Structures are given as structure tokens and as C-alpha cells.
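Two complexes are shown next, each including chain A; its partner changes from chain B in the first to chain C in the second.
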Partner chain A sequence: MATPVLRVRDLHVTYQSSLGAVPAVRGVDIEIARGETLGLAGESGCGKSTLAMALLRLVSPTTQITGSVLLAGKDTLTMKPGELRAVRWAQASIVFQGAQHVLNPVQRIGRQIDEATEAHGGARATGTAELLELVGLGVRRADDYPHELSGGQKQRALIAMALACDPLLIVADEPTTALDVMIQAQILQLLEEIKRERGLSMLFITHDLSVLSHTADRVAIMYAGRVIEVGAGKDLLRDSQHPYSKALAASFPIIGDPSSRRQPRGLAGDPPNPIDLPSGCPFHPRCAVAIDTCRSVDVKLRSVGGAINRQVACVHFGDA
Partner chain B sequence: MSRRYLIKKVIGAFLTLSAVVVFNFFLFRIVDRDPLAKYRGRSKLTIEQRETMIRRMGLEGSKWDQFTVYIKSVLRLDFGRSFDSTQPVLGEITARLPATLFLVGVSTLLTICVGLYIGTKAGWRRGSRFDRTSTSATMVLYSTPEFFFGMLLLAFIAGRTGWFPTGGLRDVGADYGFVGNLIDRMHHLVLPTVTLTLGYLGSYALIMRTSMIETLGEDYLVTARAKGLRDSEVMSRHAVPNALLPSVSLIAISFGFVIGGAITTETVFSYPGLGLATANAISNNDLPMLQALFLLASAAVILFNFIADLVYGLLDPRVRRTE
Partner chain C sequence: MMAKDSLLVCDNVHVAYPPRRRGGKSARAVDGVDLEISRGEIVALVGESGCGKTTLARAILGLQKMSAGSIMFDGIPFSTKTVDKKAFRRRAQIVFQDPTASLNPRQSVYEIVAEGLRIHGLSDNEHEVVTGALERCGLHPADRYLMKYPHELSGGQRQRVVIAGAMVLEPQLLVADEPVSSLDASVRGEILDLLQTLAREQDMAVLVVTHDLGLAWNIADRIAVMYLGRIVEIGTTEELLAQPKHPYTQALLSVVLEHLGMSQQILVGEMPDPTAISTGCRFHQRCPLMQSGEAQKKGIGSRCTTEDPVLRSDDNGHLVACHATESATPVRG
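Then we have the complex of A and B:
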């Protein structure tokens, strides 16, 4: 079997705050093969964006990261600063959420794209002009400043920027979150096309499971800093097993299933406070099917029905 | 930069200046209701002398008449004659202007360079030893009046060591040739420049530090790091250009105070510029001189705000195109 583009093992990310250590990611294992898209879903605060930032060590220096992040076989967590800089963007780039201030407001779009390639020696297969055409923006936009672009255009510019150094892996961090549904569909389609044409791997982070049903080969659901269920994209949405995944899937209408549209169900309660996690399974206070064991035992991710690709972390499921 | 933006700013500056000119007329009529009073006690004026004085001071006729005479003479840059020297005010001012412009210009340039450098470095490495040391130091500088530095320098450097002259523009009565005279002037300029620079360094450094720290949390810095830029590149290309924006306008505002600061600094070092002229005019009740100096100081503040607007427009594309 070929080396996966990304292999994360037992990743822990702990923020330091005035209230004490905040474990945002607690022992995550994920793997992405060449050309594969892994969807990572969960509520805000579950640690999915922290996970993405930790891959390239973009969290603040006081934040503790342990485990290993093998990017094309090399561990980014043990790299020297120079090595790390060389890997950033060249091997893995990030499509940030365009609605936030992720583009420098006083620099032209073209300049911000050029800058990425210049930082990596300047040589590349596709020029800035071509990249802008590729994402449907047009060359003239290179001279624009970020405030002159619409939300969808900014997102396209960010995609062009992410492609500047021909990376192996693209981390898409909520790339469609602040866009209206029409633009959302266009951006998803664009990402899908680019991924297929260039044979890229992708880590697609979102809180919107419905987005993943079409884009992701596999989906991992995160809760309180852990992956609690992994499976093939379509299976997971239609037939989720963990009570949290079920609730998450039920809160979005499924396209082609009118009954789900009529009764979207939310999930009661708030996500747990990472400083003060519940004992046992962190989901048990909000879980409808919790039993006594859940209060004391935190079940690890384990295979279901012998399938390698389907794992659940729940006492009710899996091969004991 | 768009022409509309420029025109808008020019009109704005012009309107402000007009308001100051009008305000100045009333201000000095409130400050001194009867400018002739001081001549009454000293000597008896004949009726003709008295009328000449009244005409010369622009106190003839109704307030409205006085106002139109005042506006006309301001437009002709005719500010009357100094009570003190009896010379035309305009000449007195233009004679002293270069000395002050040079002093304030050099020290402002120094303050901007050193202050912004310290502020940038302290803000970027917040909490570092450099930040802790420089912030304590700049706080002290910021809260100390500049004339106090002047007095310290005068007492300990000029007085004790004699390395620098204690005051004046140049050695009186000496001629060292062209180059020698130039060096002599520079020599006299050192302590006043250091005084003014120390006096204003603190505020510039603290402003830049705050605005740098505000920039640190911005998402585009994460983007820049993710792209594989060096820390120094992230700072100079992304953090500093954005952090400069709020500093530019604050510096322009504080520039108005530099002219005020020159009053005390020039007084301490007997440096014959506009600041010393202002101090003398105040103590001698020289109203025509004061009126013109006030107008000049206001015009300088307005001019620098205008320049700040232009620089802001150059630095921030959002201001440039959307307005």
C-alpha cells in the first residue's frame, strides 16, 4: 500500500489559558490517501479547526502539540523551523474561510498569490494569471484589493492562492460557510473539479454534514476533541450509528428525502466545556441512549461489523 | 488616488482654516477688550495719536467693520506691527520660521523613525524583555514634560561637561567660515533636538505598539505564516503596513503638539525660533504677534492633518477608492 499523503497519529493539541490547560484535540488518528477527500465535521468548538492548524504548526508557540503528523512521510511536528517553512503551502496549503480577514486588506490579490510562490523558490507549473482564470476570477482581478471582491470571489481567490505551489494536500477550512447556497454550490464544484484534475488530496472541514455527502470519500465526525465515528461519506450520512452523528445528520435535511426536510431536529444542550469535560464518554450528558457505563467508560474508536472503513466510539456499537 | 478624494480633503482643510481665521478674530477681542489700556497709564496720548493707534490696530468702526478689515488684512498676510518691536509681524515671523522648521523637522523625523521602530518591535514581541524594558522607558518619556528633559540636559550635559552650548542658534560674533558655521549651528541644534525627540518619542512608540498588538490577532498573519513566509517577512509585509494605518492619523494629531512643545524647548535653550517668539509675545502682551502665531500654529496642524489624509490614502486602498 502506498504511503498516505497525511497520517496523523495520536494528535493532542492543548492550549494554555489563564483558566488552565485547554485540551482542544485529544488523541486523533486520521489518514488521507492520495486523491482522497476526508470530510471532518462537528459543532463549533469540537477542535476541527485546531486540528487543521496543528497540521502545519500554525497554532501559537505556547500551545502544546504531541503525537505525530506525517505529511508525505515526514513528521511536521519534529521539523526545524526552516524545514517547516519549506513544507508549508508547498506540500499542504489551506483554503481559509474567505469571510474572515484572511487576505491582507492593503495588498493586491495577485501580489498575495505571487508571494506564496516566491517564498518557495518561485518555480511553479501554473502562473498567477492562469490560476485566477482557473478559479473563474479572470486576470484583471490580480490588481484588485480584497475589499473590491465579493464573498464568493474572495473564496475563489483563496482557492487560487492555495494552488499556487502545487501542494499534495489541500485543507479546506469551512470554505463555504459564509456563502449563500448558490455560491456555495459553485465553490464546492470548483474544489471538486480542481481536486480531480490535479489528483489532490483534501481535508474538508465543515459543520455542515450535507456539504460532505457529495464531496467526501470518507467522513470523520469530531466531538469534544475526538473522532467519534468514521465511515464512507454516503453511509455515514444515511446510516450514522453514534448517537451524536445521528443527531448531527438529523439536523440537516437530506437532499432527495422530503420527509427529512419537514422535521429537522436539533440537538439539545451545549457542547462540553473543554476545560471541564464530563467523565466517561463526553457526550453522555446530551445522549438519549446513555447507560450507566457511559458515565465511567470512554469507549475508543473501534470497527463495526468487521468493516475496516467503519469505526464508532460508542458502547452500543462495535466489536467488543 | 482619486481626484474626488483629493478635492474633498482640500475643501475640508480650507473650511477648517477659514473657521480658525474667524475664531481668531473673536478670541483676541475677548482676551483683550481694550488693547489701548496699557498706553493710558504710561503716557498721555494726544487725540491724533490715539486715533492713529486705533486705526493701526484695526479697532475702527463697528465690530462688523473691524471684522472685514481683519479678513482683508489676513488675506494680504498683513498682521500689523508687533507691539514689542514695532516691526511688521510677518517679517518677524518669517525671520524666525527657518530655525523652528529645522528643529521641529529634524526631531519629528527622528521621533517617527525611532518611535515607530521601538513600537513595532515591542508590539511584535509582546511580553519579551525588549517589550518590557522599552514600554517602561517610553511610559516615562511619555509622561515627562519635554522642557524637563531640556533642563536636565542643560544642567548635566551642557553645564557639567561643556560638550554642547547651553543655548542660542550659533556662537555669537564668531565666524568659522561656511563649513565651520554650519557645524556650529548643528552643534547648537543637538540638545534642543534630543529634547524634542525624547519628549515625543514615547507617544509614537506607545501608539505603534498598541496598533501592532491589535494587528497580531488578524487572520491574514496566519495566512502569511501558512504560506511559508519567514517571521520577519510576516511582520514587515503584513503586520506593519496594517499597523501603520491608525498610527498615521494619531501622529498627525500629535504633530500639532510638537509646535507647542517647541515653545518650552526653545525657551529652555534660548533658541530663537517661533516657540521663543510665542513665549516672549505672551509675556509682553504682544497681541498682533500672538494672533499671527496662533494662526500659523493652527494652519500647521491643518496642513499636517491634510498630509496625513494623503498618506493614509496611499497606505490604505479602502480609503482611496470607496470614498
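Then we have the complex of A and C:
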């Protein structure tokens, strides 16, 4: 098998706060093959965005990162600053969350795209005009300021920016979250086309499991800094195994499914505080099927037997 | 057309915002809406940003002046007299999208919930009423929450406090503007369940303003789909989602149902500005029927570009404003 574009092993990210160390990511292993989209889902505070930022060491210097992040075979965590700078954007770029606030309000769109590439070695595969066409904005938008664009158009500009240095991997952090459903569908379609044409890999981060069911080849679900289930994208919404994934999936109702009609389902309780995680499995206080063991043992992600290619971190699944 | 138990009747409501600069056009944010809500009924008002759904909700609450049309609440037309307005506001309450923004960070939960009672001079057994409202909204024991401040609560708990603050006045109508869109997915279901339970138990009508058809499937009795200032389709949740008739509703639904193997109909472009509503059907420029040539084949192409379709009803009371579906009887002549 070819080397994966991204291979993350035992990644830990710990922030320092006035209240003490905050373990935001606690031992994550993920892999993304060439041309593959891995969806990363979870609720706010589960560590998904932290994980994304840590891949390119976009965290404050006081934050501790351990483990390894092999991007095209090279570990970004041990790179020298110059090397890292060359890798950022050129090998892996990011479509940041909140298109509304990412663009510089007093700089023209075209100039902002140029600037992103100049900062990273100036290697340009595609011209700005061509990029703008590619994302469906049109060349004449190069002279516009961000306030002249709609939310969807701003998101397109950010995608153009992410493509500027022809990266292997795009990390998209909630790229469609603030957008209307129709615009969201347009952006997802655009990302899909670009990915196919260019053989890109993608890490697609979102809280919206329903988006991933048709955009991601595989989906990883995070809870309290760990991946608790991994499986094929189209199966995970319908057929999740981990009790948390099940509850999360159930909160995205399937229209037309009588079991969710007039029965909105959620999960009692709140996500745990990362500074003060429950013992054992961090999900046990909210889990309907928790047993005594869950209070003391935190089960690692392991393969579930049977036909489905699935890994679950739960005492009820995959007993060795 | 008026049902016996209808609580709210909007008749040809218009809201136009004046032009931003001299010589400009006014924005017709709400452009002729008819809507009826019965007691105890949950209606989802669905549409994309900029379609006028929030403006309509504000007009219904008397927070936004109408430029034409009328609204009747409980059989009485809207009055502009301050005394009447205050009495009305006790009976119609709102829950906003972001509970963190709608709560005063320096007020305790008790003060927040009691504020409405004090404004309306209903201070008898204040403590009891406040505690009762909190418990009904799922914050029990209420004593544990009374002295807390918003920052000490989770997002879901904050939204419960906001809802309790509205429920304390025992309103007949609750307008909820995107009540769960700023909350985490797992919390969402619980808040929706709460709204549904309150509607049932208090016989309270709820107008949920949302872009989320899944939410509507979860709790709404009826769905009204809004596009560019007008309701283009309205019907019971089951009917409208199983058999959407308006091409806009069909496209919206196809996008969220893609995982069921339905082919997506992604509309080109974005919803136009309400200062530039086109002649004819306001949807015709983006309409898949026009673009595929189907409208022209049906011989209605020229009507779509010149004649504004009105809402027409089929036998089940499912209303749609589209020339392509016209065998039904018009609701308004």
C-alpha cells in the first residue's frame, strides 16, 4: 500500500491555562490516503479543531504536542521552523472556520490570495485568475473587498486561497457551517469536484454528521479528546455502534423516518470539562448502557468483529 | 378559510424597509404573506437567510411595523396603543437564537425569569411562579439554579432559562427564532422536546423560525416555506415533506435528503436581494423547471416570467404558489 498522505500517531495536545493543563487531544491515531476524505465529527470542545491546528503546529508555543504527524512521510512535529513554513500551505492548507472573519476586510480578494502564496515560498501552480474561475467566483471578483461578497462567495475565496500552492491535503474546518443549506450544497459540490480533479486528500471537520454521510469516505467521531469510532462515511450516520455516536447520529433526524417524527432525540447532560475528565471512559456519566467497568477502564479504539470495517472504543464492542 | 381555533391570522402582510440611499429601491422583505396559526399548533417557518422569515416573525410580535396588510391575534386586530401592546406582549413571547447573547450576564437566573412578571405587575407569589417555570423547563430542582449566573450554565441550560423567562407569562404564542442552531447537536433534541411538550401541555402555539427541515420534521405540525418575502408552499409536515410541490421546496429537500439516494437539485446562484424582486414568479430565474425547459414545454414559461403566482390549495389544504401545479383553486382572488 502506498504511503498515506497523512499519518498521525498517538497525538496529544495539551494547552496551558490559568486553571492548569488542558488535555484537548488525548492520543489520536488517524490516517488519510491519497484522494481520500476523512470526516472528523464531534461537538464543541471535543478537540477536533485543536487536532487540525496541531497538524501544522498552528498552536501557541506554550502548548505541548507529542506523538507524530507524518505529512507525506515527514514529521511536522520535529521540523525546523523554515522547513515547517515550506510545508504549510504547499503540502497542507487549511480552509479556516468562519469565512466571515478570516478574510482581511481592507484588502482586495485577489491580493489576499497572492499574499498567501508569497508567504509560503511563492511556488504557484495556478494563477489567481484561474483559481477564482475554478471556485466559481470569476476573475472580476479579484478586485472586490470581502464585504462585497456573500457568505458563500467568501467561502469560495477561502477555498481558492487554500488551493493556491497545489497542496496534497486540505484541512477544512467547518467549511459550510454558517451557510444556508443550498449554498452549503454548492460548496460541498465544489469541494468534491476539486478533490476529484486534483486527487486531493481532505480532512473535513464538522459538528454536522449529516454533512459527512455523503462527503466523507471514512468518518472518525471524537469525544473528550479521543476518537471513539471510525467507519465508512455512509454507514456511520445510520449504523453507529458506540453509544455516543448513536446519540449524536439520532440528533440528526432522517426526514421521513417515522421513529423521529415528533420525537426529537438528544443526550442528557453536558460534554465533560477537559480539565476535570470523568474517570474511566469519559462518556460513562452520560451513557445509557454504562456498566461498572466503564467507571475505571477507558477502552482503546479496536476493531469490531464481523463484516463491517469499524473500530469502536467501547467495552461493549470487539471483546478480544 | 379561517379555522375556528385560529389564534393568529396574518392577512397579506407587507414589510418594506426604506431605501438605503436616495433614489434607491425599498427592500420588500415581507411581500404579501398570509399565514394562520391555531392554538397549540407548532408551525415551522422555513427558508434561507434573507428570505424575510425573521422580519415576518418580528411583525407578528409587533416589533416591526407593517407597510400593508393586517394581523389579528385572538380575534382582535393589532393595535398600536401602548397599553394594548403591553397586554399583547404578555401573550406572545419570543425565544432568540443565541441564549448567551439574550441573557444579561449580570443578572441571576431568578432575576432573569422574574423580570417579565415584574414588568407586567404580576408579582404575587413571584418565587413560586419562577421556580415552577424553571422546573417545567427541565431545570430541577430549580433552587439549584436560582442564584446562578449565565456564565455558570451550559448552552442548553441557558436556552432553558430563556424559555422559562418566556413561559413565566403563560403566553398563547411563542415565537422561537432558530432556537437550537447555536447549540450542540446532542443538546438540540432535548430543547426541541421541551418546546413540543410545552406546546402540548399549555395549549400554546409555537412559530419556529428555522432553516432546518430536520427540525421541522422533528416537531412541527405544519411547515411554511418562504422564498424572497413570500410563502411559496404550506402544508402539514408529513404532506409537504413527502410530496413537496413547489420546485423550490423540492430542491431544498433534495439537498438535505441526498444520503437517501435522492438525486440532488442544487440551485444555481443565490437568492436575489429583496430590493430586486423580479416580475412574474419571484423564483423563475433560479427555477429548475424553467432551466430544464419543462415550464416552456408545459406552455407556462411566459406566465412564469410575467404573472405572479398566488397560493392555491389542493383538497388537503396543502397550498402552493406555482403555475406548474395549477389545477387547484386559488386562495386569494
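A few notes on this one:
Note that the second predicted complex is superposed on the first by the 299 of 320 C-alpha atoms of A that agree within 3 Å, B and C clash if a C-alpha of one lies under 4 Å from a C-alpha of the other, contacts with A are read in each partner's own complex, and residues count from 1 in each chain.
The rule is short, and it goes like this: contacts are C-beta pairs under 8 Å (C-beta built on N, C-alpha and C of every residue); 3 or more make two chains touch, one makes a residue touch a chain.
Note that this is a predicted model, so its numbers are computed, not measured.
Using the contact criterion defined above for the overlaid structures, shared-chain residue A:Ser44 touches chain C, although it does not reach chain B. Judged by the touch definition given at the top, the superposed model places A:Ser251 against chain C, while chain B stays out of reach. Chain A is touched at more residues by one of its partners, and among chain B and chain C that partner is C. Contacts of A:Ser303 after superposition: neither chain B nor chain C is touched.
In the superposition on chain A, A:Thr126 makes contact with neither chain B nor chain C. In the superposed model, A:Ser68 lies in contact with neither chain B nor chain C. In the overlay built on the shared chain, the residue A:Ser210 is in contact with chain C alone; chain B does not reach it. Shared-chain residue A:Ala185: touches chain C; no touch with chain B.
Applying the stated touch rule to the two superposed structures, the chain B and chain C interfaces on chain A have no residue in common. Residues of chain A touching chain C in their complex: 43-44, 150-152, 180-186, 189, 207-210, 213-214, 234, 237, 247-248, 250-256, 260-268, 270-271.
Taken together, the chain A residues at the contact with chain B in this complex read 53, 56, 58, 85-90, 93-94, 96, 100-107, 115-116, 119-120, 145, 147-148, 161. By the touch rule above, chain B contacts chain A in their complex via residues 218-220, 222-230, 233, 237-238, 241-242, 245, 315-318, 321-322.
Chain C meets chain A in the complex at residues 48-49, 154, 156-157, 184-193, 196, 211, 213-215, 217-219, 237-238, 241-242, 251-253, 255-260, 264, 266-267, 270.
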